[in-house]
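Every chain is named by a letter (A, B, C and D) in the order it is written, and numbering of its residues begins at 1.
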């Protein structure tokens, strides 16, 4: 079960980073953003990298989570204890409906990507027109000067770091558990060859749906966290296509075949963009550097940094390659 | 004798185009059965109808007395009918063991059980040495063998093999034939779609010949192959192809 | 809403549709031939619009005439895009292809930001405010020119695809890459030319659009998604589909905009896309879904 | 957890220890002012202009010998790019305060970025001077550390009503008013104020048309506006879409009075439309020809420094920078809390910070500067201030 060992190592690193970040509020902020994007990218990649379903509309689920919390807090005065589960339930239900529609007609590849994008855009424009959800202005969560555990309001940053760090580790743990179970094998089989998987007893629609719903649920948790942390949501920041693209970018650069690949992407890129923002005064230089990196890596390193690292590691300790088929056949004959 | 698989007047039309019509035959629980016919006769369509990849537009398909026509492939697999693909379709992002494990999950939901079952199948097929190899790195013959390993791991009662010998060397073919021949003894009936008459003769007890989507002859392998209509349809066209 | 307004919405929808068709035709051509969706399509439109703008502001060239200069430049850019990036992108998985063109789109937007600043640039000519009155309906002259150009260009591409050897080769590759390669067609060169034509069409669109709208570094992105919607509604890779898709999206958006708020109208094309994907995933004008 | 508590106590002690020496900081230690502006994204051009004004103010302060109350300390601007994203703005506000040690923050252009950023400042008990965001709720949250130089978006309605009264007095017929706005954050906020305010004063809104940015054709909207027979069309959008709308109105041969909103309207690009915009009104927070001495000096120095005319948001950025420096001067401290208290007492009726069109730059108990707007008009191809008459540089020109 080397997968669990890897997750344990990653979790230990997350905890270590958290402890280090305790010394400085700004580091904690970077830690929090990294975990936020990391968890999102890992959940996105459960679909894209592990099950072969490329979604360009994942911001929809982040938005559902964020708006549930923001609307609940600012309009109804509901605490996160109510609104977090509410957001997750709505997001999972939305994913179920979208999935049933899309998978029924076997949409895949670009078609599935564009279909999810279309759902996202419909939601974006609907929220922009909805008075109850603050239209394009967004919703401000009420803040008070007192800390409140009930409303997830803290002056210190570490509680937020604790929450999102836990979300991230839980996401990885759930992911790893599923990967070693039947579900995970079925997902990867569907990614590699749907027709063959179905012939071997995989209920493609059910398993794709399950993946979609899980991924949407995790994204909604992240969205709910975002609303409590930033205390402000508007359509552009939580329903915009930029967010979905970010998940894709972290996954591509980190490596999509591995559960923790997208997290590596986020760990490298989130602080990288923070750093670039700090050292460079040129307009847009951060995004230019980022875009060049994306193009180059997507072209020359299709398996991502994590994939490249593990391939190297495997090659180093690779067992001698087994002999050809003829010798096996011969062995069988003699047996 | 109760038939394991029974086809009653199966037909399949794509739009106005009839690919199959009125196909009927049955397969017994312990035999190796062949579907033969020239290229484009509708063998693969028939195959896809049985395995659930396509839904027939007419007739019934019964497996162990239950209707399976129009059911999705995964349900058919769960009932004990599994297929392989002519163009191999390994899960390229997985190792050989993982490939087989996917199939073993059909009978063993717990990962540990599935893994043990997968190892048993690999050992049985003499592929244990490849367990940790990436499926992507196998050669054609090995991939064919992996197809069979995966199919067997679903613990089927009936195995559908689509052109398993295409592209293999004579030695590899012989090994594959031995493997297939041993299956009925393990309680697995086999249907092969095969092009090579000598192979069919040596492997199969009974056969059905189809051409233009219709049954031309059904019976023992010898009867079917020696049937003059089959000879004409099959060899005549084959000759024409050689000439072209 | 009076009937006159409705007619105006229809005319306005047609005007928009002709512009959308001009943008989408290149996208669908590239997809049809090489099965790649170019997320940076809008950025090439933006470049063409800057081309049209600078031809007018620096050299006083009328945008309609600027087409003659900008189109070959864009075609060259298309070839460079193929040689530099797309050629390599064809060897990586679909999702990486998406990442490559998305990255390119970001890159071009922000390079433009550095070069031209974020300000809007306008082409102002006497005809930019002129309108032709037809009963209850007014058509702006610049839109009429774009409509005409759109029909001409689409007709020209249709003829090229149907009547020339070049078009035949292109269609052969679109149908079967391997088959075409077996019959001795140089696939790489077909791809290069498809990209040149696909991006080159924007050389016609850009100067016309800049005289209607304005140009800034982010203007292209406004159209990329709409162009996707159009090509998928019409059927990816289908030439007639572009016309149908553009008409549906242009009209629906415009008529919805006359009734409801603009945000609702903006959601309409995407709602249509969802419907089409669910009811007829191969698109309205395609017979076979290219999987 | 106990370890954690110990840590925190330790940090508190450490923090307390650093407070004392700060009071005796060397005169050469600058006053650190964090500036949040968008330098990438769709509003990058605006961010660049804001920054020029901030830098001009800082240069003037420093060249005049720094901040006297701090022993001649210089002002140091620490600039952060918000990328027009709320979470980036928030994170950069965090960095400027906790890492870079900013005593006061200025920014952050768009409301969507300003809101989360100012909430960070509030929690850090560091003053945040909002330069140009217009969403009403910014100064309605009862926050203790947020100040705003710009007026509330909804106040535009009040000024428009007064201006309509003024025009009617001058014999203009304005019975019907129509509204056309971009259906995004900016248009929605301001139009909300119009829709609430105008009918209250008996001015009927006869049509309401919306569009999204980047629409190539607005003929339908133009036709509906024409059909409404409005005498005055209130437009709320950025200059790009306004040009498309004005062309569509012209093509319909419909020539109502138009009144555009804010920096999106009073923008040099609009003048490129030539005769089309002649006579068009605009409501804006500030104009370069506003008749105030501070304003005239600012325009002159800005043009000398950058070779272009400043826009209204530049004036606000300039005023906010001066306000921060003067508050620190009055407080004789770099301490955020002391600066906050000084900002509350600030009343600047002269000097560079008084360039905005009100009697004095001062913040009420909600931190809001009580400031109105001015009306501009395009006369002979230039924006000129025509109202209120006290600061107008030219009288209103009537076309009919």
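Keep in mind that, in the parts below, a contact is a pair of C-beta atoms (placed from the backbone, for glycine too) under 8 Å apart; a residue touches a chain by one contact, two chains touch by 3 or more.
Worth saying up front: this structure is predicted, and the values here are computed from it rather than measured.
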item: Chain closest to the assembly centre - both centres taken as Cα means; value: A
item: Of all other chains, the one whose Cα centre sits farthest from chain D; value: B
item: Inter-centroid spacing, chain C versus chain B (mean Cα positions, whole Å); value: 48
item: Centroid distance [mean C-alpha coordinates] between chain C and chain A, Å; value: 32
item: Between chain D and chain B, distance of the C-alpha-averaged centres to the nearest whole Å; value: 74
item: Distance between the centres, which are taken as Cα means, of chain B and chain A, whole angstrom; value: 41
item: Contacts with 2+ other chains: residues of chain B; value: none
item: Contacts with 2+ other chains: residues of chain D; value: 40, 44, 48, 183
item: Numbers and ranges of chain C residues touching at least 2 other chains; value: 110, 113, 261, 263, 266
item: Touch relationships between chains, expressed as pairs; value: A-B, A-C, A-D, C-D
item: Touching residues (chain side chain A, partner chain C) in the complex; value: 48, 54, 101-102, 104-111, 113-115, 117-119, 121-122, 124-126, 128-129, 135-136, 241, 245, 248-249, 252, 256, 282-284, 287-288, 290-295, 298-300, 302
item: For the chain B and chain A complex, residues of the former touching the latter; value: 51, 53, 72-75, 77-78, 82-83, 85, 89-94, 98, 101-103, 105-106, 109, 111, 114, 125-127, 129-130, 132-133, 139, 141-142, 145, 150-151, 153-154, 171-172, 175, 178
item: Footprint of chain C on chain D - complex, ascending; value: 40, 42-46, 48, 182-183, 210-224, 227, 238-240, 243-244, 246-248, 250-253, 269, 272-274, 276
item: Chain A partner contacts - residues on chain C that touch it in the complex; value: 37, 85, 88-89, 92-100, 102-104, 106-107, 110-111, 113-114, 225, 228-229, 232, 236, 261, 263-264, 266-267, 270-271, 273-274, 277-278, 281, 291
item: Sites on chain D touched by chain A in the complex; value: 4, 7-8, 39-40, 44, 48, 79-81, 83, 85-88, 90-92, 94-95, 98-99, 111-112, 115-116, 119, 122-123, 135, 137, 141, 144, 183-185, 188-189
